[in-house]
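Each of the next two complexes has chain A plus one other chain: chain B in the first, chain C in the second.
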Partner chain A sequence: MQHRKIALLLSVIPGLGQMYNKQWIKGLLFLVFGVSFIAVFADLLNMGFWGLFTLGTEVPRDNSIFLLAEGIIAIIVTCFGLAFYYLNLRDAYKNGKSRDNNQPLNTLRAEYQNLISQGYPYVVSGPSLFILIFAVIFPILFSFALAFTNYDLYHSPPANLADWVGLKTFQDIFTVDIWRSTFFDVLGWTVVWTIVASTLQVSLGIFLAVLVNQKDTRFKKFFRTVLVLPWAVPGFVTILIFAGLFNDSFGAINLDILAMFGIDPIPWLTDENWTRVALILMQGWLGFPYIFIVTTGVLQSIPEDLYEAATIDGASILAKFKNITLPMILIAMAPIIITQFTFNFNNFNIIYLFNGGGPAVPGSTAGGTDILVSWIYKLTMQSSQYSLAAALTILLSVFVIAIALWQFRRTNSFKEGA
Partner chain B sequence: MKMYKKYLGIMSGIALSLSLVACGPQDDGKESGDTGKEEKPKELVVWEDILKGEGIKDAIAAFEKEHDVKVTMVEKQYTKQIEDLRLDGPAGTGPDVLTMPSDQTGTAVTEGLIKELNVDDATQGIYTEAAMAAQKVDGKVYGLPKAVETTMLYYNKDLISEAELPTSLEGWYEYSKGVADGKKFGFLALFDQIYYANSVLSAYGGYIFAQDENGNYDPSDIGLNNAGAVEGAQYIQKFYKEGLFPSGIIGEQGISVIESLFTEGKATAIISGPWNVEPFTKAGVNFGVQKLPELSNGKNMTAFIGVKSYNVSSYSKNPELAEEFVKFIANEENSKKRYEITQEVPAVAALASDPVVTESEAAKAVAEQSNFSVLMPNIPQMNEVWTPTDSALQTIATGKAEPKAALDQAVKTISGQIEAKHK
Partner chain C sequence: MKGRVFLRRLATYLILSFMTVIIIYPLLWTIGASFNPGNSLISMSIIPENPTLDHYKELFAGKDSLQYGKWYLNSLKISFFTMIGTIVSVSFTAYAFSRFRFKGKKNALTLFLLLQMIPQFSALIALFVLAQLLGMMNSHWLLILLYIGGQIPMNTYLMKGYMDTIPMDLDESAKIDGASNTRIFLQIIMPLSTPMVAVVAMNGFTGPLGDFILSSVILRSPEYYTLPIGLYKLVNDVMGASYTTFAAGAILLSIPVAIIFLMLQKYFVSGLTAGGTKG
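Showing the complex of A and B:
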């Protein structure tokens, strides 16, 4: 039998294969690591996997939700364990192969040097990856898993157990009348909101930046300072103040500004379409300064000779903007613009603080300006529909990820770095 | 290389299956329990409402002395305690005794968060009937009442003298007609919210859930669109239609707008709860309070009666002692003491006529209004009522929908939600 096979077989118990290869210290390390892994995590893995499959069998002893969390941690730990196990097997096999080929084996010291020099990026990023897994991957897996359970008010610990129901919650979203109609209403408005509000803030920011950056504009610093001011005030404060200004019967917008022009008061907060208009205007106000600043930066980096050449060719101002300025800005800012879209898709603050997702619409469980996130928030906080909220969150992420991917692929900004 | 992959596959398989053998908790669910009685010094954790701890300090000291225990009191907003209990309970850091609004009782019982209490009839008898009914789910008692609150009428004494006060809502309607000019208003209320609008709807014969003779609710029988409710809603709509209620008090901001109108002296009277006595006093408003006015059908406007209660957590390690504490803290003597400090109207029937209560105008108004009150249903299905009904009332207030159509729609939504979520 070849050394590599024997070493591999012996490595079923971590470390034995290395010992067979006469790498004693390494073998011992693997063995100690393997044994302590089992010793430390045996309980967790046992309870975790059992809990993950059954979600508890007995009240009040078992808490389905804790078992689910434990189960997901068990899976993550198992993945680490398997990775370690794979390393162990591969190491034994490789060194066995070297022996078969009569090559000398590396010393421990040489292997350490190898690890440090070749795997340096991985060694350095290892700890943060580890934290990332628990801070980011774990919650995602948890809410993902929740969507496939029936966790709601009637399946809550400690009195009741939750159970796996597969795709039933998703099915409900599309089959139960009251949810289906609401879902599509909300989704429709979310998409409109994202596109209109983001486009407004981006184009306003770019427009103003280009305007202020014109050669003959005087008091540039003054204009820049003034235009950045909306950004200097915390967003939620602005939103709350605007909510007061927009009040139908007492707000300054209706009473003073519109009245000055002889326009009748507009039902900003009680008519859903006007609320939508108000929201989009506010988001334009809140969002443009950032784009303005970034665009101003980009504009400095556009070489002057491009414009000079264009001027000699007799290009109009508009042509220069269309063919030089805009393409340069868009290439540099595409990632930022995309994040504006994804940000607005989930812009909970403005929707919730301005009018609580209202005004009410007859026959819908969501308000007239509720976007998906704020609707999910209401479902979770007001009616304990945890699994439904989790399922909607998945649908929402699918949507955001799809749009973001599509946009990222269409822009040039990311191609060069890849 | 292929061989190696194959071996690897087999081995990972073995490893995985090994880890799955003998899964599950090995003990058979037998809790070790407290076997050592009276050995370790016992401890109780009590969650009291925020800023209300002062009111039970003396009672806690007395209880500690009598039972030789240590009672730790933590102040927490009482509407949020159930939420915290969900996590703190299983983690072992939860309370033994907590306080919450009784309309959450049904939800808490469904989730199994609070324990049934063993309260004899004599003890139950000292509380007002409504307050005690709020503690019961399926005839079982889950808590003892701590305080009651109802909405009442606040009026500005600088704008109207006590003698001129209309006694009926119709009277207020006439009064408002004379005063309201778009900047100043007479009588205002948040009738776009069922919490306030129910005062009118239920006095005309509407109801949220029907009740059987034992007080159990039937969530399939919703009376928010019956003839009485529609009549009430039509009456409400009149106030908005004729500009007596500005559209600026509709919706989310309504509550802050109406309160600032009252403090600025731009509204003569508003409907609000006892929680506003302190802010209005601080704002320097010269105000009085009264029970709600009568309706044209001769009935008094009703109010939701909100009961705050003391409950025992089902995660408590000393449930008997915790139950003892609840009974002690909610007894007549401690209720009175608590009232004197916190000014929350107690639910003990005998105290309603006690001079300490009748002396205070606000407490008297609440006590009087309690006679014309409906209990907020405490079943979990109630969660589905708020949003659709508020939406309907809002569309009625803005004139976008006719009362009958809007309420029909709301009831349809509510029963749809109940069917979908409360199987």
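Showing the complex of A and C:
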């Protein structure tokens, strides 16, 4: 039998394969590491997987939610364990293969130096990965897992246990009448909101950048500073300021501005459609400066000869804009424009801070201007419908990822980036 | 021809002036509100007849439900440490991704891209449930860790993209001279990436300042609030009644932030246009 196969087989117990290859110290390290891994995590893994499958059997001893959390940690730990195990197997196999080919094995010192130089990227990016796993990936996995349980106010610890219910919550979203109608209402408005608000802010930003950057515009510096102001002031402050400006009883928009033109007060905060109009206008105000800045950068990089050639050919200003400026901007800024759309799709702050997603709709958990994100927030924080909120989170994430991937593939940045 | 040029210029200035008014008006209105006597805005004017500093004093009067100074410090602390943590973790990771070939690099990049698209608030339910059960309420450090985690995917992409444009020859000649990886990183790559570091720093600092979701889940007692939660509660608990006080608080926050922003603008705009347009 070849060395590589024997070493691989012996490595089923970490370290033995290395020892067979006469790499005693390394083998010992692998063995110690493997044994201590099991010793340290045995309880956690045992308990975690049991809890993950049953979500608890006895009240009040078991707490379904803790068990679920432990279960997910157990899965993450297991992944690390498997990665280590794979390394162990591969190392034994590779060294066995070198022996088969009669090549000398590396000494421990050489291996160590190898590890240091090859391990450098792992060492420097390790902490980030660690933070990412525990601050982002673990909570997301946990949220996703909740979608397949019946965890809500009536199935929550310590008095009750939650249970796995499979896809029932997803099914309910589409079959229970009140949920279905709310879901589609909210989704519909979310899509309209995303498209209209993003288009408004992008086109406004581009338009103003073109205006300011005309050769004969004076006071460029002044206009640029003013136009960047909405970006410079913290967004939540601006939204709260606008909430006051639009206020039905004391807001300046009704009392001063509209009154000046002799228009009757508009119910900005109590009529669903007017709230929507106000939200879209505000997002235009808040969102255009970023596009304005980036467009200004792009405009300055368009070579002057293009315009000169076009002028000689007798092109009008409009033609020059349509055939030179706009295409250049759109090509250069495609990724940024896409992120505006995904940003607004999840733009919780403006919806929630302005009017709490209101005005309230009778008999529904979502207000008239709630987008998916803010509806999920309310379901979690106010009505404790955790599993429903989690299921919606999954639907929303799938939706966003699908669109973003599709778009990123169409632009080149995906290929370049990866 | 001359007439058309004149019309175009006229239209340009009209539109730009109109935008200027629309942008300046809400800001002036807030400044006016903050100096208006009393709590009512119904009879307020942008230039108050009897301007008062009462609302500014009230912010620091030390009421239990209105600890403006504390909120300010909390926000500064959280933003500052998030910024530092983000810069350190992001630039090291981006360096690894930009300069080394290693197993799992492609998978890690795909993971980052994916995490960039899943909004961090997906974690909301988990945080709400766990924070309640574990008693992790009111922990600023937990919040900072979560913010850093949320900043890593997108900013790593930006930073990697920028570092990719720095020629490899520089590293190689330094390596021949015997410089270690860390030294190359600190003395060559980082100084050359300054514009993008500025962008990452800005994202790290303003991220927590604009967050309402995560902080409202974790911070529950007024003394631990950050400015977004504190000011939101101030406006909404008794809508209208304390709006003038809110206005004062908003001014004290916005003016320094806006000034710093405008001063640093030129540093991060170059990074933004370079990184952003490349994707």
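Rule of thumb we're sticking to: the second predicted complex is superposed on the first by the 391 of 418 C-alpha atoms of A that agree within 3 Å, B and C clash if a C-alpha of one lies under 4 Å from a C-alpha of the other, contacts with A are read in each partner's own complex, and residues count from 1 in each chain.
Just so it is clear, a contact is a pair of C-beta atoms (placed from the backbone, for glycine too) under 8 Å apart; a residue touches a chain by one contact, two chains touch by 3 or more.
This is a predicted model, so every value here is computed, not measured.
Looking at the shared chain after the overlay, A:W274 reaches neither chain B nor chain C.
Of the two partner chains, chain C is the only one touched by A:L146; chain B is not. In the superposed pair of complexes, A:Y122 makes contact with chain C only, with no contact to chain B. Of the two partner chains placed by superposition, only chain C is touched by A:V237; chain B is not.
In the superposition on chain A, contact is made by A:N63 with both chain B and chain C. Look at A:M333: by the touch rule set out above, it reaches chain C but stays clear of chain B. Applying the stated contact rule after C-alpha superposition, one finds that A:S249 touches each of chain B and chain C.
Ranking chain B and chain C by residues of chain A touched puts C first. Contacts of A:L8 after superposition: chain B is touched, whereas chain C is not reached. In the three-chain superposition model, chain A touches both chain B and chain C at residues 63, 66, 157, 243-244, 247, 249-250, 356.
Taken in their complex, chain B has these residues touching chain A: 3-4, 7-8, 11-12, 14-15, 19-20, 22-25, 29, 31, 86, 89-90, 107, 109-113, 182, 246-253, 257, 314-315, 380, 383-384, 386-388, 390-392, 394-395, 398, 400-401, 405-406, 409, 412-413, 416-417, 420-423. Chain A contributes residues 4-5, 8-9, 12, 45-47, 49-50, 53-54, 58-63, 66, 78, 82, 85-86, 89, 93, 152-154, 156-160, 172, 176-179, 243-244, 247-251, 267, 269-271, 355-356, 358-365, 367, 378, 382-385 to its touches with chain B in the complex. For chain C in complex with chain A, the residues that touch the partner chain are 8-9, 12, 15-16, 19-20, 22-24, 26-27, 29-30, 33, 40-42, 44, 89-90, 92-93, 95-97, 99-100, 102, 105-106, 108-110, 113-115, 117-130, 133, 145-146, 148-150, 152-153, 156-157, 160-161, 181, 185, 206, 209-210, 212-213, 216-217, 228, 231-232, 235-236, 239-240, 243, 246-247, 250, 253-254, 257-258, 261-262, 265, 269-270, 272-273, 276-279.
Taken together, the chain A residues at the contact with chain C in this complex read 63, 65-66, 69, 118, 120-122, 124-125, 127-129, 131-132, 134-140, 142-144, 146, 157, 208, 211-212, 214, 216-217, 223, 225-238, 240-245, 247, 249-250, 252, 255, 285, 293-294, 297-298, 317, 332-333, 335-336, 342, 346, 348-349, 352-353, 356, 373, 376-377, 380-381, 386, 389-390, 393, 396-397, 400-401, 404-405, 408, 411-414, 416-418.
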